[in-house]
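Submitted below is the structure of interest, expressed as structure tokens.
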Amino acid sequence: MKVSIIGTTGYGGAELLRILHQHPEFQIQSIHSSKLEVPISEEYPHLYGVIDKELQKIDPDKIASESDIVFFATPSGISAKLTGEFINKNIRIIDLSGDLRLPAEQYNEWYKKEPADPQIKEKAVYGLTEWNREAIINAELIANPGCYPTSALLGLAPVVKAGLIDPSSIVVDAKSGVSGAGRSLARTSSFSEANENFRAYKINQHQHTPEIEQQLLQWNKDIEPITFTTHLLPITRGIMTTSYVKLNGKHTTSELLELYKETYSRNPFVRVRPENSYPSVKEVAGSNYCDIGLHADPRTGRLTIISVIDNLMKGAAGQAVQNANIMCGLEEETGLNFVPMYP
Amino acid sequence: MKVSIIGTTGYGGAELLRILHQHPEFQIQSIHSSKLEVPISEEYPHLYGVIDKELQKIDPDKIASESDIVFFATPSGISAKLTGEFINKNIRIIDLSGDLRLPAEQYNEWYKKEPADPQIKEKAVYGLTEWNREAIINAELIANPGCYPTSALLGLAPVVKAGLIDPSSIVVDAKSGVSGAGRSLARTSSFSEANENFRAYKINQHQHTPEIEQQLLQWNKDIEPITFTTHLLPITRGIMTTSYVKLNGKHTTSELLELYKETYSRNPFVRVRPENSYPSVKEVAGSNYCDIGLHADPRTGRLTIISVIDNLMKGAAGQAVQNANIMCGLEEETGLNFVPMYP
Amino acid sequence: MKVSIIGTTGYGGAELLRILHQHPEFQIQSIHSSKLEVPISEEYPHLYGVIDKELQKIDPDKIASESDIVFFATPSGISAKLTGEFINKNIRIIDLSGDLRLPAEQYNEWYKKEPADPQIKEKAVYGLTEWNREAIINAELIANPGCYPTSALLGLAPVVKAGLIDPSSIVVDAKSGVSGAGRSLARTSSFSEANENFRAYKINQHQHTPEIEQQLLQWNKDIEPITFTTHLLPITRGIMTTSYVKLNGKHTTSELLELYKETYSRNPFVRVRPENSYPSVKEVAGSNYCDIGLHADPRTGRLTIISVIDNLMKGAAGQAVQNANIMCGLEEETGLNFVPMYP
Amino acid sequence: MKVSIIGTTGYGGAELLRILHQHPEFQIQSIHSSKLEVPISEEYPHLYGVIDKELQKIDPDKIASESDIVFFATPSGISAKLTGEFINKNIRIIDLSGDLRLPAEQYNEWYKKEPADPQIKEKAVYGLTEWNREAIINAELIANPGCYPTSALLGLAPVVKAGLIDPSSIVVDAKSGVSGAGRSLARTSSFSEANENFRAYKINQHQHTPEIEQQLLQWNKDIEPITFTTHLLPITRGIMTTSYVKLNGKHTTSELLELYKETYSRNPFVRVRPENSYPSVKEVAGSNYCDIGLHADPRTGRLTIISVIDNLMKGAAGQAVQNANIMCGLEEETGLNFVPMYP
């Protein structure tokens, strides 16, 4: 199976290369960038002698004729314009950007950019693998979930679906490593200002808010707007989402853990931790796991949900390959059995 | 004015030395430790040539006869036993540990240690400076607040006191640097396991929970138990507390910022940020400031409060000296005008 | 091929598990520790659901009868005593500790510990793979090189062997991440004291000094004692060794790079960088590569050699598996094709 | 005494503000920038409520008429052009950039920029305080030393001046925190690429090389070109310079430490450490100290010199204020008694 990557020089692209180089069934056919025509190892010396392919201009016809799958690892605003040129050309498309996840109006409101053609958007299947496998199998086009939504949704799903919570009570306090901001230069992601620091940003205004709410509403139509805060951690990789919900009735931690274990029992990349064990972000670093820990507090009637992922893996490239595996009829773990790198 | 420190080799003690060495009115009389009788610069080489005093055994009578003020920067469980020996000896006592902040039963429940004699505890004035100046002026004994409670309480106080929030809605999501765990060695505070990591701990079980609730109840007797999560940041110093409350009515961010500015107008160490500006932990590093930012979300009716401090300064040694200044009739900023160290 | 690990709870052991779990030819038979009899995932939650084997006591006969290869990932002083019990039992032994690398007297002088039985030591083949393949193929017992020696020796070998340098001129300035100090707790490897810090330690007294000199002398009998400084970097993984040598004659960087490329042409894990490109430690993180960059300065006649490795991979577990592959007649890259994790 | 700062928005400027705000004799008159006319606290929120002065355009006549001292904290290439407009206007000038440290030809060769008017350059006194006090007292214009040269020169001076070393043997292996690269954005100083990383750069080509050699030659005219490597540490502040020299005769560490202590006995900001104690960079963080440790190795006849500074303090703003104090007849410690911030 031949795959191409558009937007290879960002961190999502680099992580796709790390995965795909070791993938037993996929072969990297070509890598593309709008800017550079140099060997990728000039941009990323860690690939020197490993992947020395040259970055190529983006030629949709050529790519579609030579590859079976194309990954868009582009900044927002690019695939909204470009995916149309790959549709109906017998190529599977996986878009890691946020361009195809929201209805046009919402996209415009939260991303402040021109939305994709609604006909294209309509074809896009939301690629939250654990909850959408059936649709992914037959999809031509995948809107791969955002990093924050992946961790928040996997953590909230079981209690939201089961109707165990007050639908107006959801507070999501999320913390991400700096690589989530991408590779373009910015003051807040410079070392001297991010290091030994911790900051909140886009409070109640992050573009992942409607993406989370849209999926929650599919699980439970009574869900009200959520409170969502994003923070910047002084680490490179990893997201922890601490979610708070009010439980409808009395439920013990152990009872809820059973529900979670049951729910995710056939999902190889979700690890529900035992009682009194809470995952830390480093415990999933470099892997495709989402680890979840729970604590229900009898004093307050609230449930605290801790979910962690590597934002570049399960939050981006890892989940993209997981979806590609499913689209191609492979086992979903294929090429993704990375043991977390610890310490 | 002569001051002594008991428990000098921990980080709180070291920070007291940094402040007191530069303080224009206080003079370090003696420093004490239960273990070592060596120059402090052997334990802390950064003090070499600056403070070369020798650590001494703890002799209450001698200390009380030679000093005007004594700071306890000891681990929990020590000052519960020791402060009694300093009472009624014409010496002011400031206890940085948690031993004198809670009623005996609660202390025992949350700290799992033997509480102080209730008569001693009764003399202790809670040293949250901004809200307790009157009592501090005449106190003989100060229970200096915990680091998490300081940041949470300063952030919550104005809306809680004003009765603007649903008293059952408080969720406090707190993140602290590793120095908050003290200087004793532990796996979770070793570099290889804390670095590039982020973990939640003591979920709903942190010993600072009752300390926060006790003070909130003094401001508003309807406050219900809070949800409180603590996380370990891969930084040395700094706490950010992100607090969530449900507003009773409609209030804009700008209106609430006015309330906060008004409330803290005569408090030199609380900086209320302008709208759309949220403090980061590094912006108070090394200083005694508590910076606060707010966002009221019309979509949800919730207020998000960001408050940051340096846990070793406003969260420990800085606030202790601020209280000592007040007890001695000095301006409360005396010796505390540290500009944050940035970057 | 069945493998066992003794000393599994240290970082070297954890890294062996990460590699071996994904190795296509080796199967983890049993894991051992002197202390604990619990599932390894209690000690290392990142392995939860991946490797749930229980740690076992060390029973040499049982291990030798069930496994084909045993790795010692123990602190110094252990394998000196234990390896004897595995000799002549038809099991291949790879010792990651420093116990079998030096003659008895030198070991005692630099390690301050009881040396191994000289007969055992004599059987041990020094496992610097790139330079000792012939001997490794038939070895029963491998003394796997130290992390600093691996990076220093691979960087120095070509010019030392070729006799291009003044044999009295070698200065090795090495910098290592904190994981190199192992998992036992220590003040200097606590987060608050290692973070935002950089320190030199064991100046001219590091136990890897004689290991480096011993190998250099095999390549060039005129080599004189080296100057060797080790420093602690505030990172978890990675070593950079900056070595300085005086060139005998005039040699350009480009000429020397040719020599290095030629020397390492059939060595898949040594990447010699192009002129003006110098490797950084993150560019090999998580991989088995040793990357080398050179600069010959016409102003001074000195050559500066930069060599980087991941101390837990090429500096420990990776090289150990590379040696195990060779001992078993496998391609040496088997199970080791990790792409560096960047960023 | 009134002082102004030109180039206030860089890290050197921010550090000058931190020092000057607390300085008992200097008062900040005005702050200048080529770009912005906003309150400095918009650019640096840590100064909110502390220094709210507005950034002003650079008007040399106005500045010279209102201030007694002006600091240039500008990137290289600016003060070469601007200082001329302040000469002969009865204002003392301290230039933190590299523009006035080298003869025109060398400046052009190493900085690749237009040098200053040689007549201006001639007036500039090199501000390595500990070695140039006499000239500084009467100077109109100070070329404040670079960060690397400050740490390297203070470490090498005693043995170089005393003629105890082989003049062709100097190797300087230097490591700096990221703030040394300034505040402008760059890939290598972005968090995701500098964090958990360590890289060498400008090997044998750093522009501080001729600055170091020029001063060494003033102490000892036989000194030959040095080998100089600079590395980027994943910390914000701090430089460690590890220097290697061949001793002419046999000298013990203790003997050499005596020489150093004697040499620096009346220098309050140089701390020579006791035998077997080596300074780490965090032990001087936020302070104006340069700490030095030594080890003479009888095996090799080489001396290893460890010297550490905070690059923004003794390596920039701290030394600048130290020089300003001397120029104004104040005690050189005035306003500089910062205790290192540890941990």
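Labels for the chains are A, B, C and D, by order of writing; each one numbers its residues from 1.
Just so we're on the same page, a residue touches a chain if its C-beta (ideal position, glycine included) is under 8 Å from a C-beta of that chain, and two chains touch if they have at least 3 such contacts.
On a predicted model such as this, the values are computed, not experimentally measured, just so you know.
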Quick note, more Cb pairs in contact for A-B or B-D? It is A-B
Taking each chain's centre as the mean of its C-alpha atoms, give the chain farthest from chain D. A
For chain A versus chain D, what separation do you get between their C-alpha means, in angstrom? 45
With chain centres defined as C-alpha means, what is the inter-centre distance between chain B and chain D in Å? 36
Indicate the whole-number Å distance between the mean C-alpha point of chain A and the mean C-alpha point of chain B. 38
Going by the touch rule set out above, which residues of chain B reach two or more other chains? 11, 179, 192, 195-196, 234-237, 280, 282, 285, 343
Going by the contact rule at the top, pick out the chain D residues touching chain B in the complex. 11, 14, 17-18, 21-22, 44-51, 179, 195-196, 236-237, 271, 273, 277, 279-280, 282-286, 291, 337-343
For a test of understanding, state which residues of chain C touch chain D in their complex under the given definition. 171, 173, 175, 192-193, 195-201, 203-204, 224-227, 229, 231, 233-238, 240, 242, 244, 278, 280-282, 285, 293, 295, 297, 299-300, 302, 304, 306, 343
Partner chain B, residues of chain C touching it in the complex: 11, 178-179, 183, 185-187, 189-192, 194-196, 234-236
